[in-house]
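To keep things clear, I will list the structure first and then write my remarks on it.
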Amino acid sequence: MSTNNTYMNEPDDRGRFGEFGGRFVPEALMPACLELEAAFTEAWNDTTFVDEYHTVLREFAGRPTPVTPLTRLGEHLGLRIFAKREDLAHTGSHKINNVIGQTLLTKRMGKHRVIAETGAGQHGVATATAAARLGLECTVFMGEVDTERQILNVFRMELLGSRVVPVTTGSRTLKDAVNEAMREWVTCVSDTHYCIGSVMGPHPFPWMVREFQSIIGQEAARQLLEFGVDHPDVVIACVGGGSNAAGVFAGFANSPSRLVGIEAAGGSAVGSGSPGVLHGMRSLLMQDEFGQIEEAHSISAGLDYPGIGPEHAHLAQTGRAEYYAIGDEDVIPALQLLSEMEGIIPALETAHAVAWLAREAGHAIPSGSTVLLNLSGRGDKDVAQVQAILRGQS
Amino acid sequence: MSTNNTYMNEPDDRGRFGEFGGRFVPEALMPACLELEAAFTEAWNDTTFVDEYHTVLREFAGRPTPVTPLTRLGEHLGLRIFAKREDLAHTGSHKINNVIGQTLLTKRMGKHRVIAETGAGQHGVATATAAARLGLECTVFMGEVDTERQILNVFRMELLGSRVVPVTTGSRTLKDAVNEAMREWVTCVSDTHYCIGSVMGPHPFPWMVREFQSIIGQEAARQLLEFGVDHPDVVIACVGGGSNAAGVFAGFANSPSRLVGIEAAGGSAVGSGSPGVLHGMRSLLMQDEFGQIEEAHSISAGLDYPGIGPEHAHLAQTGRAEYYAIGDEDVIPALQLLSEMEGIIPALETAHAVAWLAREAGHAIPSGSTVLLNLSGRGDKDVAQVQAILRGQS
Amino acid sequence: MKSLERDLRALRDAGRKLLVPYFMGGVSENWTEHVEAAVLAGADAVEIGIPFSDPMMDGPVIQEAALRALSRGTTLDSICDDLVRLDVHVPLIAMTYYNIVLHYGLERSAGKLSSSGISGAIVPDLALEETEPWIAACDDTDVATVLLVAPSTPPRRVDRLVATTQGFAYASARMAVTGKSEGGGEGERVVRSIRRSSDVPALIGIGITTPDQAKQAAEVSDGVIVGSALVQTILNHASASDVESFIREFRSALDN
Amino acid sequence: MKSLERDLRALRDAGRKLLVPYFMGGVSENWTEHVEAAVLAGADAVEIGIPFSDPMMDGPVIQEAALRALSRGTTLDSICDDLVRLDVHVPLIAMTYYNIVLHYGLERSAGKLSSSGISGAIVPDLALEETEPWIAACDDTDVATVLLVAPSTPPRRVDRLVATTQGFAYASARMAVTGKSEGGGEGERVVRSIRRSSDVPALIGIGITTPDQAKQAAEVSDGVIVGSALVQTILNHASASDVESFIREFRSALDN
């Protein structure tokens, strides 16, 4: 199941992608990380496990998600655009791919509980969902600020039988939810798996999550062939931690496609970060002159993270992928554009990628190019926020 | 493309299913109904059209939706349960199947605008979506009471470029939205198609909408074979107007499967209605002793309709399908049950079917039976309402 | 030929332009007095609405009137009872929706209307293709079934409608529900299409709001139906004498 | 062998149970006075926290202390500057997170700490596998790298940790972040696993909250680290003499 390509390889045995990655965790967690690496490696080479993962994705999560030609938007922008529809996956984003893999692995490891961090709540809802399906206990850590902003997602998790713990430390947002989940994990690592929500954290998480998400790129590559497209000229995805981007990039890393990741300007680890160590990994981070981590600020909670997955840091450093940032002010017009032209309301996260596409059509993306847009999630969760913002403007 | 079976046939040439159906509309609309019948009949026999319909369902709407084995719920209830996952279709319910068919037909008829009625907003959002995709103008009529209850769905439609018209007449809910859409249609029938949201209204709507929804049953029958199930013992669907039920029933009408439709107790046209004429059709209706139509009252806006599609009235009369009612008080526990056991938060409409399933397992449904549950939609739209109700209780 | 058509033909052939006002039965305590005032002022026949909860073919004014009548407990029976008090000698035409008579029973409704002095019925949601049971139910009575012809009705269908209608042909002036009065209207074109195959009296309705409009419509047609404009004055609590002068204005416009 | 281990071995071999309190550098204006008071009261070495925005291994008390210190503008440099004022003769051990020294520069940090009189460093998120560059950076200095052993650490891994640690081995009493003190703790089992392969001084930390707990822990170990309990009193605005009596209680429990 390894993606087996030159540009997105397995990390080295210390879990490094080039100089990034690794495992920077308290000793108490090291045995769990090592156990997880062994368990994942073994499972990922076991066709029984891989088949089960694919079966659950198909029967439960709605995979394969379609590739949709965006004809009207394409005509409007002078491009040929295809969208990979992760918004149609169960729970409304690509996050489910990863949690299905991790919860199946949790069972296989004989653990009966998962914990997770969440920002906007998408990963939390996905984890609560997969846990309910398997009868695992589930606790989700969420910054207190976010529990207030995303009250309905909190309730969705509770309906799914999970406990949501508001995190009151630090900035009380995603970064602190990760810290708190790690602290909790130390206390219960023997029977609990920490289901990280993106290609971040200590090895093997960045690798494992990428592998679980690479189904996106594998499917898309196959589906584009059916449209007569051997490879798109450009593959675009938004980047918070970077899991949807890693997933779709994995399908095209060895093709001539340009790979483009779009960060939020206020959470742009590639654009305005520098190397550092946080949350168990060495990567690019937004930090001040003393190495204190800065708080990210984005209109979209899912991109509100001061770091980026280590493999992206590596892809940026080697130049295999390009990363650009989009400011808050361009996000809502992009959301409106896709909604009106194609009947798809994207998540605010995804709308960053749409904004860059719209801005760079005919510029950084030459007219006539074929583009694959990874439509990482649906915007239903964001509609109230968008409405409030538009009201405030008028 | 006709379902070609003994129990769910094409209606007769006056659009009747047995004694129900027909065409009870003002003369001003008759030419449009006749034109529509001709256009649909012709298109539905044209493989180009049928192929396009299937292509859009596949590439845009995410079909086929999966059939999910509900293993934990099945064990809990002593049944073998499969769910047909219309919640995973684009916009979150089966409603998209119908509007894709009707909007393609609108274009084919050379019309450039659609109007629609909506209750909770699901059909309105679906219509706005399909209209955006094809660049059709779209106006949605929605009872003023519902626009206030479902403010976010109103905004979703607006984001998709549609105009939402609050209906201030009568009870200001779904029934009146239909009246108002009909009134509007009279004024613009030459360039506008009325995209009805369920298997109701004048011929050819009940037949056409059933045909556009029968993809549900066709897929499910094929998918169940892959699970080694030739036909389920029982097929269960909730019934508002009856489109999701008609769609899934169509796949099993000629099998030995029992077909069961679940109405809301407060909108139970079969259980507590009698024959009458409303909204262009002869069917079963909730009405008082003078033939005045009663207002339906249900916890779920999508079942808040005093009538039922005429084909269901016919299926009820001939005994081919059974219809039962579920009261509001059983709906939320059923929603919680499915959420906690299977990681799927169903729509309140769908939860009626779950409630009956849970109640009748081991009773009306013998233990060990194989059941197909049509999971008509996702509950995201209802989460705020459920939270408010549960808060009120505690 | 039922009495409605005979009566209207006689008037028409005598050179009179027909004036048919619409009243919602039971909308107020004294609604029958309004009818009497209208007849006194020169109405040639009167339409009497029997209210329905879901009046699909009606605009806001008549909807409101129907709601008011329903909230006063109005039923087919109560209207028929009220008619006993009514002392007029022009044809009365019921206007209602199909579910009302269907629920009451088709033959029973026809009998009841007929015995209450009603000689015609307009059921706007009863399409030509569905009209047969109702016409059959009226067969043994003097109740005529009046059908509408719309601007959208194609010529061959006009012929069939006109061949089936009884009493008169109701020519819709507009693609609209009752009460819409913008634009010139297409009543004249509709009347001409009716005339191609029949000399049944043809009255123009839908959106006849002013005496001027009525006069113009009557130039090609045999007369007009005046609905929402009149009902609006009644919703505004018009007295019987207000109604009388309202109708007189239309009468004199038609006569001059 | 760096001075830290030499000093601690000497004390241990003299029969003394080691008492190592933790202070957050820069948490208050007079934090160095607290350190002095502790040494006066019998601390054998002192841990000095250099605050980090995301202290993954710390519970609420030390998190709060870090935030307070950061909001006072505390940095690695400012702490080193403060140390000039400090007049004590026990080993000082820095405790911080890897990003702080990484960002400052590994060699530069090691040099700075060393020249400020610090002879040990605990970097809890620096796993054994990643520790080499840091140890190398400290090679030319007297800064010892202290590693933790956890209750979850398997025996063969304990051997490797103990072979690498410098100064002493930090035996975590609990699977928990700092400040958790419920349950008996597993410090004794961890110390026994350390002893299997080494006689390096082994101190128990994490959740040593009361003198009694300290006494019990010291029965198998060479001493204890007292963190959150002490930091809590300081967050509650303890004076230097409060600190002195706090430490004295622990001292006497260990000595008797």
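Which chain is which? They are A, B, C and D, in the order written, and residues in each are numbered from 1.
The rule is short, and it goes like this: a residue touches a chain if its C-beta (ideal position, glycine included) is under 8 Å from a C-beta of that chain, and two chains touch if they have at least 3 such contacts.
Because the structure is predicted, anything quoted here is derived from the model rather than measured.
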### Query
Which chains make contact with subunit C and with subunit D at once?
none
### Task
Please report how many Å separate the Cα centroid of subunit B from that of subunit D, as a whole number.
67
### Chain centre separation in whole Å, for subunit C relative to subunit B (CA means)
37
#### Entry: Chain-chain contacts as defined at top
A-B, A-D, B-C
### Message
Give the list of subunit B residues in touch with subunit A in this complex.
### Response
58-60, 62, 65-69, 72, 85, 87-90, 92, 128-133, 135, 152, 155-156, 159-161, 335-336, 339-345, 379-380, 383-384, 386-387
### Message
If we count contacts the way the header does, which residues on subunit D are in touch with subunit A in the complex?
### Response
52-60, 63, 67, 70, 75-76, 97-100, 102-104, 124-130, 147-154, 157, 161, 172, 174-177, 180
### Query
Along subunit B, where are the residues that touch subunit C in the complex?
14, 22-32, 169-170, 175-176, 179, 182-183, 186-190, 275-280, 285, 287, 290-293
